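Structures incoming, each one as structure tokens.
Both of the next two complexes hold chain A, though its partner changes from chain B to chain C.
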Partner chain A sequence: MPKTINDAGAVIRMRVNDRDKINYTDEEIVADVATACRYLSQVLIARKSPEMIVTEDVVDYAAIPENFHSFVGQWPVWREGPVFRTSTGANAVTVRYWATRGQGLSSLTDVIPFDEIYFDAIVTAACMLLLNRDEFDTSKEQSILQALEALMPGGGKS
Partner chain B sequence: MTALDICQKARVAVGDAKHTTYSDYECMTALQSALDMLVTSCDEFFSPALVKEAELELEDDRAALPEDFRSVVSVQCYTGLMESNYETGPFSREYRFENSQIVSPESPVLLTYRYRPERLTALEDEIDVPEYFELPLARITAALLQGNFELAQTVSDKAAQTSKVQRWENVATKKLWGGYNPNA
Partner chain C sequence: MRRALSTVQPSLLDFSNFAGGLNLRLPPEQLSENELAECVNMTYSSTPGKLRTRAGIGEPLADFSSRVKSMYWFGGKLLAVTNDKKLWSVALSSDDETAEIGTLTGGWRPMWCEFGGKLYIASHSTLQEYDGTTLTTITGAPNADVVYTRAGRVYCSYHGSDTIHGCAVGDPTQWAVPVSPTDADPVEVQIGYKVAGAITAIVPALTDVIVFKEHGIFRLIGEYPDWSIKEITRDEAVANHHCACAVAGFIYYLDDHKGLRLLQGTQGYEEISPAEALPNVNPWVREHMNHDYSGIWHLPARNMLVIIPNDNAWNQCMPCYYEFGFDVMPALLWEFPAPVQAIIEPDRDHLYIAVGNGVYDFSGVSAYDPTGEDGSLELVKSRFSTKRYRGFSQYIIKRVSIRAESPIKQVLTTLPCHVNVNEVTYLDLLFNRDESPIVYGNNAAVYQNQGELVAEFFDVLDFAKHNLCRQDTVQFHFDNEGAPFELTRFAVEMVPVGVTA
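Coming up: the complex of A and B.
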């Protein structure tokens, strides 16, 4: 069963001691979970996690997708501002690229676009952002997040 | 062996079995360069690998050379080995090449030639070289992916030299204290 932002919100409110919805609004929680998702995307792409790879057929002057980060290796395709360019013209080239996730998350019912193994990292990162807004000391959350990131796939030597 | 077999071995050698660093396009480009490099090494060391025969029927003293023709080893007609003549001939039992044609009054002729393996277009393509070139090709491809041209050249040259040794082993018997007896 995929987790929604609402599921993350319930855990986050417990962690930041706001079960009665007095301090943080739902909008804040949605925004911070979205930021946490985009942050996690960058971490996973930086460590070359294969689940962040997307395959797509592109032709010359095709628009760059919103979630495009960078190519996996080299192709007869390159980026020129908002479009792809290819040396093959109208013949499509199948390219593989690193894609970020977390764009367009705006509601509590939206599904978190990651596997469940990353749920705790997303919750912890969102908690850090919320606590930071109130200028709490977030060093404990930082070390928890670091520990979680080190244990995620590709974090160690595995 | 297919291009995919070699690419997979090369990826393992450079630690990219997960396909997260190099694209298939890069692997295929490196493999094509590796193949070209190996063909050149085989020429330089007079390797007997990559040699084929074709029987050609000549019409009006001419026949097209095979598509994969690279250079000649020998030309024979029914009476035996033919010689080239680029000055006055070709006369009986002689031949010459004109661009991509062979010219001779004899027909048919048996052409023994060094061939160029077909250029690769897809990962499923079969590579028309002996099996013992599989590992060297993977090593050359891996070295090229990492930009190590010197290592690629060394492996290519050694593979060409070794292919010669393998052929000699087949035709000669071993001597008691090492080496081979060429007259056996």
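Coming up: the complex of A and C.
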């Protein structure tokens, strides 16, 4: 059963002492979970985690996808501003690129675009953002997140 | 783990003591922590500064066809006067019956005075006497709306004249001053002859009798025949004959324009001067002052004054508590289902109040007011608000701890007392708490329990809440529709954010 942002919100509200939902709005929690997802994406991409690779057929002047981070390896395709360029014109070239996740998350019912093993890291990162908004000392969360990141797949190698 | 802030340390606010009472003069952000920005239907418990819900008035002891406008306790009887001039004896138990005693000669709110075991009643017409069974109009007595006793005589005055009449020594049936009077004959004295309007109210106080005229105050010093009259001021205008009362050498009175005022003696009664009283709530009194209906009642066994400045459409009155001194007399506000025109305190255990057309027992036997539809009983609704915190920063409430007691036991209700931070409900206080065993952990309780499963009523409860709540300003509001409560402790951990320590 994939976890939704609502599942994360329940845990987050417990961790940041807002069980009664009077301090943080749902919108804030959705936004911070989305930020946490994008942050996690960057961490995993930096570790060259294969699960962040996306394959796509592109043609000349095809629009860069919103989640495009960087190419995996070298291709007869390059980037020019908001578009892909290729010397093959209208003939599609299959490329592989690193893609972030978390774009378009806007509602509590949205599914968190990561496997469950990353759930706690996302929750902890979102908690840090929320607590930081209220000027709490988040050094404990920082340590927890570092520990979780080190234990995540690929963590030992990075 | 107690979470620290990266900038400042949280501060603990303790609102356990509201000895400052209402402060309606200053905006809520300028109040002290022991003052209240709003307070309706709370009173002080016997512990200094602790607030508790006021007693309810319950079902009426007697219900009349017109407004009850005065009451008096005489010879173990509660007397009431209704708007149609009728004098009643009010039944205090189911064995008694409310009975009409007679009709007053005048239509004003009467003044009462006991002398020689009889009661003398002045209602803006001929003085009357009540001996415990019969109401008699005294033949030859003057018209009176103020009556008092002094040095073996009954004295009275009538609005419209400058004269105080005194009866013959010991004989309130003799009022005519003979041509060659002796010291024991009836007496008359003019107070401020033809100046400052008519006599409105008279208060005997220590060695003097203070006479309030429409535009001035005089003192009648000494006893007949060694009277001397001194003018105190010409700038004060007492509202009516029920608007002045003496409390331990101080005289409080309601001025038409200035609200509550105080006559204070310096060096005994060597010098007397008027002064502002209760500056924190006087703007409210002034705003609601009504010339005809206002009044002050003194409840000595409770160390209270009750001020009713309103006209006959307002349902509020203001209790003032002088228990801890006259200079720090906190005031609160009570609201009733109908206008209040009289409060009478026979003794420490009893208190009766006239609300609308009814007479009610206000001594604390009921937790209910007849505020529901068609006068049905509901728990007394009360509310109060603390000072408001406002600054350059925002504030985070981290946790709240409340200890509350229920002064009336076993009030079963599901309605809580909401504790709000501004508009946000932070915590609910409910004295019925279900602490029955967990169903799956104890099957016996479910299948073998023949009794009803009800929530248990706790007399004293600690309520605690740990939840962040960030607000631009912070003001705490208690809003209670449930069981009456006494607030023993109310502590808040709060911290400003958006600042550098």
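As a convention for this text, the second predicted complex is superposed on the first by the 157 of 158 C-alpha atoms of A that agree within 3 Å, B and C clash if a C-alpha of one lies under 4 Å from a C-alpha of the other, contacts with A are read in each partner's own complex, and residues count from 1 in each chain.
Everything that follows uses one rule, which is that a residue touches a chain if its C-beta (ideal position, glycine included) is under 8 Å from a C-beta of that chain, and two chains touch if they have at least 3 such contacts.
Please read these numbers as outputs of a predicted model, since none were measured by experiment.
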When the two structures are superposed on chain A, do chain B and chain C clash or fit side by side?
fit
Identify the partner contact of A:P2: answer first if only chain B is touched, second if only chain C is, both if each is, neither if none is.
neither
For A:D134 in the superposed arrangement: first (chain B), second (chain C), both or neither?
second
Is A:R19 contacted by the first partner chain B, the second partner chain C, both or neither?
second
Using the touch definition from the top, say if A:G89 reaches chain B (first), chain C (second), both or neither.
neither
Does chain B (first) or chain C (second) touch A:G104, or do both, or does neither?
neither
After the superposition, pull out the minimum Cα separation from chain B to chain C in whole angstrom, please.
41
Show which residues of chain A both chain B and chain C reach, each in its own complex.
none
Which residues of chain A touch chain C in the complex?
16-20, 22-24, 131, 134-138, 140
Interface residues, chain B side, partner chain A - complex
18-23, 25-26
Within their complex, state which residues of chain A touch chain B.
48-50, 53, 71-76, 95-96
Chain C to chain A touching residues, read off their complex:
1, 3-7, 396, 398, 424-426, 465-470, 497-498
